[in-house]
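Each chain carries a letter (A, B and C) given by its place in the written order, and its residues are counted from 1.
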Amino acid sequence: MVEPIQIEGLHFSYGKEEVLRGIDLHLKNGEVLGVLGPNGSGKSTLMSVICGIRKNWSGKISVMGDNLRDLSTKKLARIVSYIPQSFEPSFDLKVETIVSFGRNPHLKGLGNMTNEDYRIIEESMRLTEVYEFRDRPFSTLSGGEKQRVIIAKALAQEGKILLMDEFTTHLDPGHARRVGKIATDLVRAKGLSAIAIFHDINQAVEISDRLLFINNGRALASGKVWDIVTPEIISLVYGLKSRIMENPISGLPLVVFYD
Amino acid sequence: MVKFLAKEVSVLKRALTVVLIVLFAALSAAIDIVDDLGRLVTINEPPERVVVASPAITKYLEVLDLSSRIVGVTDWDPFALSNEVEKIGNLVPLNLEKIVSLSPDLVMISGGFQEAEVEKLENIGVNTYVMNPNSFEDIYRNLVVVGNIFGVPERGKASADDFREEVLAIAKDSHKLSQDEKPRVIYIMIAGEVSDIWTCGTGSFVNQAIAFAGGANVAAPYSGNNGWFPVSPEFVLNSQPEIILVPYYYEGGQEEAVNMIVSYKPFEDLPAVKNDRVYPLYDGLTAYANPNFVNLVKTLKEFFF
Amino acid sequence: MKRTVLFVLLSTASILGMLWFSSFGTISYSLGEIFEILIGKSSGTASSIYLNLRLPRLLVAFLIGSGLAVGGNGLQLTLKNPLADPYIIGISAGASFGAVLSLFLREVSRVDLNMNSLAFAFALFSSFLTYTISRRGGRIPITTLVLSGVIVSFLFNAAVTFLVVFAWRNVITLHFWSLGSLSGATWNDVFKLTPVIFAQYGIFAVVHRKMVIMAAGEEHAVTVGVRPELLKFLVFFTVSIVSAVAVSTAGLIGFVGLVIPHMIRLAFGADSKLNLPATALLGGLFLVICDTFARTLFQPTELPIGAVTALVGAPVFIFLLRSKEVAKDG
């Protein structure tokens, strides 16, 4: 089975400033890879390179076995679905319209939607429990509801790879858990592979199969959760002292920071 | 003296040529005239209904007793104040519907900013003649032309000759004066603030009028579009005019116009202001180059001497 | 359903309304007379005036209004900027400069270049300038584009002022040019405008979905398979041509491209399929109404239409905006 994403020696600069300084990343089939790192470490940039937003990178990136450079914008969009950190349309669009954007890479000819497209849109909305809001303007929804709509859009895109950029960061714990659960359930159910950027290491631990730590544009460590969440690595990445405990409820590592 | 005579002769030649062409054309009933925009206009028969789309032109028809043929004038035409006539609106943009509804045989329009309207009139097939008089010579030439357009060439020629004689008679007096005897004159038109001054120099018929009336226009060495150009108050101060002409636009506005100049502090030491020789001039006389030119010259002469 | 009804009403209102508005003017016609003229049963001066002056003017007004509104809509969506308008990208200033330049050349050096063609050339040039200035490494950040448009406009307007100082006599022509006038519209203008307006509509109909996606964010658009640079260039170029033709024909008419798309969005919502045709219709109808006022308010003097579009459009827009806001809060 071909690795969904393979990155080797990725370099990227914003003008003169080098942000990614040789990143390696391997996304295994069917897994959720959590990406962690302090602010400015290059996490979001990494994501925007993979989904085709930023193009002046150097190195090797292959998506589903194909060189990223060889994939057209549309073709890439059929493989990779992106869930951004924030989504703010300038105009008042309905929930259903936004979900329908996800079908764009699949539209043929003059771009008219078929019944099949509508069916997929409806199913995506149901799966993320936003079907009842479909006619409401996006701006009137709560943070959690909005994120679910974005997930629905990504689902409608039917991409085999899901890229999630801090998608629970702005949510309160209740919504964060709910949205996180919906996302991971869908990934498992549909056999997708996902890269998810997290701000909170404990959230990352709950959801991810493997973790990748990034700092200063370099990948510092990657591996399974229990292998990699250690005080030494945390200190290296965040510059903070920590104690790792076992989460009494989930049995997963629980990180407690101290000065 | 010799120069002046030579000028007279060449100008006479011009008038003669026009008359000859026209006489020749008259033999063929229809006339082709080249208008002031260089367009060849065909007049099949003397127009009975004419729309005058520029107040500059109306006086020519009045002087030649052709007022009865005017079926429409612009809102800005003084002709409409004392005559029953249809008004066609602004000079720009022309209300084409109104003009067409008056079924004119000819539309007379001036050039300059009305130039763009000419194309519109051509597009709807209305016979148009562009008249753009800017100088003393243009005025009597146009009297002849208008006379010919309307089938009264003798009237036109006679009127032109009378006009020329009247003006030259006044001008002859000024020629006897030496340069020092001529008062230094400046025409000051204020466009907004008193410091926004427009004056006329070479190329403007007002400048010619000043010369004919025996004045020495301090702005004569300079020129601009149609002879008009902006100057700064310094220019006025430098030229130390003995007479200042200022336009007024409505009856009773004379005092206000003179006041504007007289009360402007930088001007208080000018000879014209000190000697109370700031004269208001009715704008109607200086706005258009038409047969009123005679009155303009007469008025100026009275001011000067 | 409600929207479709609204749309049908709008279409019917447009057609009937325009015929009704065309009956007003220096010469009044009754609807019956208009009908007879149109089916060829009438003749004479009145009929000739209607067929050769009134009717082409009506069509030109409709076409220009429609084209400007559709163009404004396309720009607002694609540039994700509710303030975008064909004129903000620098076209009006460029066209204005071209016009004054032609007058200037004629006065000063006896070079006779057609005013309309020169306006057209400079309209395209100025929009090309805006585009190139704001392009950075293959991308055009949206705020930069709008800013560049504003700067290019300043530049050309300054150049216009500079030229005008040397061509005083023709300021009045410039005055009506810069406020717009449909006087003198002919069938020729109708034939010139029709293919351009229809082409723009056709192109926008095909890419409408993509434009709405752009309205949700340029970066996001890439992730769903839209190429923003290509789309921006297409929209930009199309709108430039339409606006340039409109400006060459009737001078500068503002407000239509900015306001009409907003009005349609307020009435139909931002994502209705009917938005594009409704914008085209309302834009055309709006300009016909404004031109009728321009022609009749101070008969026989004509008002510049740019002043009317602002005076008519602004209060209507404020009213719609406030009622929508009240509805949202309440």
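Note that a contact is a pair of C-beta atoms (placed from the backbone, for glycine too) under 8 Å apart; a residue touches a chain by one contact, two chains touch by 3 or more.
These figures come from a predicted structure and were not determined experimentally.
For subunit B, the chain whose average C-alpha position is most distant is A. Distance from each chain's C-alpha mean to the overall C-alpha mean is smallest for C.
Work out the mean CA point of subunit A and of subunit C, and you get 43 Å between them. Rounded to a whole number, the gap between the C-alpha centres of subunit B and subunit C is 41 angstrom.
Taking the mean of the C-alpha atoms as each chain's centre, subunit A and subunit B sit 80 Å apart. For subunit B, the set of residues touching two or more other chains is empty. Taken together, the subunit A residues at the contact with subunit C in this complex read 48, 51-53, 55-56, 73-74, 76-78, 80-82, 84, 87-94, 97-98, 101-102, 104-105, 107, 110-111, 153, 157. Per the touch definition, subunit C reaches subunit A in the complex via residues 77, 80-82, 137-138, 206-207, 209-210, 212-213, 215-217, 219-220, 222-227, 265, 269-271. Residues of subunit B touching subunit C in their complex: 75, 87-98, 100-101, 103, 112-113, 115-117, 119-120, 123-124, 224-226, 228-230.
Within the complex formed with subunit B, the subunit C residues making contact are 25-27, 45-46, 48-49, 52-54, 107, 115, 166-173, 176, 181, 183-184, 186, 188, 299-302.
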